[in-house]
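Note that the chains are named A, B, C and D in the order they appear, and that numbering of residues resets to 1 at the start of each chain.
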C-alpha cells in the first residue's frame, strides 16, 4: 500500500478504464478522487456503481461531465442527466437489481464463476440469461463483474491499508475493494499500525493499493 | 366522518400489519409514512437496504451525520443497538428471507398479485434499485399505494408495465380497500369507512372476490 | 432474541436435527452447548462444520459420544474416532473443500440457489456435479446448505443479540448465523444496548434467536 | 559440506522465493518452517485460512490467547496491523487470487505438475480441508516436500492418489532439487550442493528436462 496524492492517483487511470465506484446516492463515494477525475478529464469510462446519484454529487458529477460511456447500476432514477444521455444514446445503461449487482461484484472478487439468484426470474432481467431449476425453484445465472480500478471511500486506514468504514457509507465499498485490479481508497485519516484492533477492520489492507488522504 | 389524507390513511392501516419484533423495510413515498403510525405496544426494527438495521427518525437540526442516511439519501438517525453493514449483507438479509416485512409503493398489480413498480416502458426506466430483491425475498410484501392514478385503475387484469417479480405479493392497502392476493385471485377483505363495495369495484379493473368476512377498515381518527 | 439457560436451549433440539456448529478445530466452537448436547444425548444428528476437531474438543466430542449419523465437513484428519466410525460405516461423511463449504452455507443464508466455483474441477469433488464453462474456465455448481439449528460462539452480544467475535474464533460462525432456522449463540458476556458501536458489530442481532451466556 | 536436515534445507530454499510485500499461506509440516528463514530484507504477511492476515510466531508462554490459533489449532501471535475475518472472506482471498503464494506439502506430483496431497484411497481420506482452494486460487503454488517417501519417488509419471487440483503448480522444492512444472513438462532448475543430476533422476519417476541454465541450490549454512 502506498499513500499518494490525489493527482497522482488519478493520473494512473487511463481513458476508457472500467471503474467501480463505491457509494449509495453519493454517500460513501470518494468525492475528492471524483473531482480530480473531472479535472483531469478521464474519458470513455465504464463505471460500475449502485446508482448515478444526483447531478451534483457522487457518480452523477462524472455523468454531467460527459466522461462516462457505459454504466452498470441498479437505478438512474435520481439523476435526470443520466436519463437524458440515455435517451440521446450518449451513454449505455445496464440496469441490474441491487442485490444481484453486489453479488456479481462479490463473485468477481472472491473467484466465483457466477451465482444463482431468484431475483429477476420472470422479468425483463431474465432476458438472455440461463435459468436453472433447483428443488422446484427457478434461478438466474448471474456472472461476475471485475474492474480495472475500484475507487472507494473509507473513514480511516492504518499504515497497512486496513480500512474501517462509517455507518451507511460502507455499502458497496468493501465488496468493490475485492474485485478490481487496482484499488484506490480515499480516507479521512491514516492511523499508526496496531491502533485499529484486528476484529474492527472491515477491509484487510492487502486489497488496497493506494490511499489518498483527504483531511 | 372526519376526512383524512389518503396517504395517511394508507400508512395507518399498513402500520397495523406490523408485529412486535418485526424487521421492516419501508420503500420511498407512502411506505415511509408508516413509521409514524406504529402502534405503541409494537416495537419493530427498520432496515434500510443501504446498510443499516435500527434506523431511527429524521435527526434534529445539527445532529445530522453525512454518513448516516436512508435509501433515499435523506439524513436519518440510528437507535441504540443499531448495526451497519455492507450491501452484500444487506441484500443477503433481504433475499435470504430474513426480512419480515417490506412495504413498497406500486404502479400496477395484476389479478395474480404480481407487482409492477417501475416506470413506463418507452419512457424512462429509472431502474429497479432494490425492489426486485425486496419483493422476491421478504417474508411479507405489502403494497401501499393509492387505489387509482389520475382516475385510472392500478389494480388491473394484466400489468402493462414490466413486472418487478413473479412472486405474489402478500397484501395491498389503498385508501379505499385492503385486498389480499391469493392463489384463487384477489380477495377484497376490507373497505374504507363510508365506502360501498360498488365504489371499490368501480375503480378496480381486476376481478375482486368479496371476502365472506368483509370488514370496514378500522383507522384511528376516522 | 431471548437469553436462555443452556439446558433449555438444548432441549429445543430434537433427535435427528440438522445442526451447523461454528469453529475451526474447536476454536470458536460453543463448548458449553456441546457439553449439554452430550449430557442430554441428542441422537442421529447431521452436523455441518469445518471439521470434527479432536476427540476431546469441539465437534469431536459429539462424534466420540456417537451422537452423529452424518457430517458435512472439509476434513476429519485430526480426529481418529471419526475415521474409525467412517470405516465401520457408523457415520456418513461428506467431504467438501473448505472454501466451497463456507460458500454453500453462505448461499443458504443469503438466498442464492448456488454458486459456481473452480475448486474441485477435475477431482473427485466434481463427481456427479454440473460443470459450466464460462469464458473458457470451468466451474462446478455447488448447492446451498441450510440447517434446522446453528450453534455458534461469539465473544460478546448486546441485548439486541448483535454479536462480536474474537480473533480467529470468528471463522464459520457469522456465516452459519445466517443459514439456520434457529440460531443459538453462546457468548461470554451480554452488554447493554448501544455499548457496541454499529460499525463494530459482526452479526446483526436479527439473525440470533437465543443466547446462552457462559461466564 | 555441512550436513543439513532435509526439511530445513527445503524451508530455506522456499523462503528465497518470497518477495517483499507478499501475502503468504503456509501449510502444515515443512511449509510451516519456511517462516523461520525469510530473508531479513523481505517483509511478508502470513495469512492463515482460519481467518487472519498478520499471523506472528508462537507466543511466549503465558501470552497464548485461546482465540488466536493457526490452521493447525496451535497458538500463534498477531503482529501489529493484523486483521481477522470470517471463513467466507478468508477463502474469498484465497480463491479470488489475492494470495501471492501458498506453500504446501505434497504426496505426489505428476509430469504435468498436478499435485496430490491427500491420503491413500482405500485407506483413510481425511479430507481436503483448504488445500483444493489454495491450489486453485493462489497466484503461486510452491510445493515443499521430501524428494522421496521411504525410498519411493514422489515426483511421478501419473499420480496414483486423488488430485488436489488440475491447476499446474508453480514450483517444487525438495532437499535434492528445484523443479519447475511448465507446459512442456517438468524442468530441473537446481540441484542440491554435492549432488549430480543422475542422483536426482534416479529417484524421480517423472521425466525431467534439464534446464540449460541448471544451477546449484544456494543455501545459507551449506
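Following the convention adopted for this analysis, a contact is a pair of C-beta atoms (placed from the backbone, for glycine too) under 8 Å apart; a residue touches a chain by one contact, two chains touch by 3 or more.
Computed from a predicted model, the values in this text were never measured in an experiment.
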Chain pair showing more contacts of the two, C-D and B-C: C-D
Centroid distance [mean C-alpha coordinates] between subunit B and subunit A, Å: 29
Euclidean distance of C-alpha centroids - subunit B vs subunit D, Å: 56
Inter-centroid spacing, subunit C versus subunit B (mean Cα positions, whole Å): 35
Junction residues of subunit D, two or more chains touched: 52, 78, 84-85, 88, 91, 94-95, 136-137
Set of subunit A residues in contact with two or more other chains: 103, 106, 110-112, 117-118, 165-167, 170, 198-199, 202
Graph class of chain-chain contacts, one of line, ring, star, complete, other: other
Footprint of subunit A on subunit C - complex, ascending: 103, 107, 110-118, 132, 134, 137, 139, 141, 143, 164-167, 170, 198-200, 202
Residue ranges of subunit D touching subunit A (in the complex, touch as defined): 23, 45, 47, 52-54, 78, 80-85, 88-89, 91-98, 136-137
Residues of subunit A touching subunit B in the complex: 24-28, 50-51, 53-54, 73-78, 83, 86-87, 95, 97-100, 102-103, 106, 117-125, 155, 165-175, 202
Residues of subunit A touching subunit D in the complex: 106, 109-112, 158-160, 162, 178, 193-194, 198-199, 201, 204-207
Contact set on subunit B toward subunit A in their complex: 48-52, 65-73, 78, 84-88, 90-91, 94-95, 119, 124-133, 136-137, 162-166
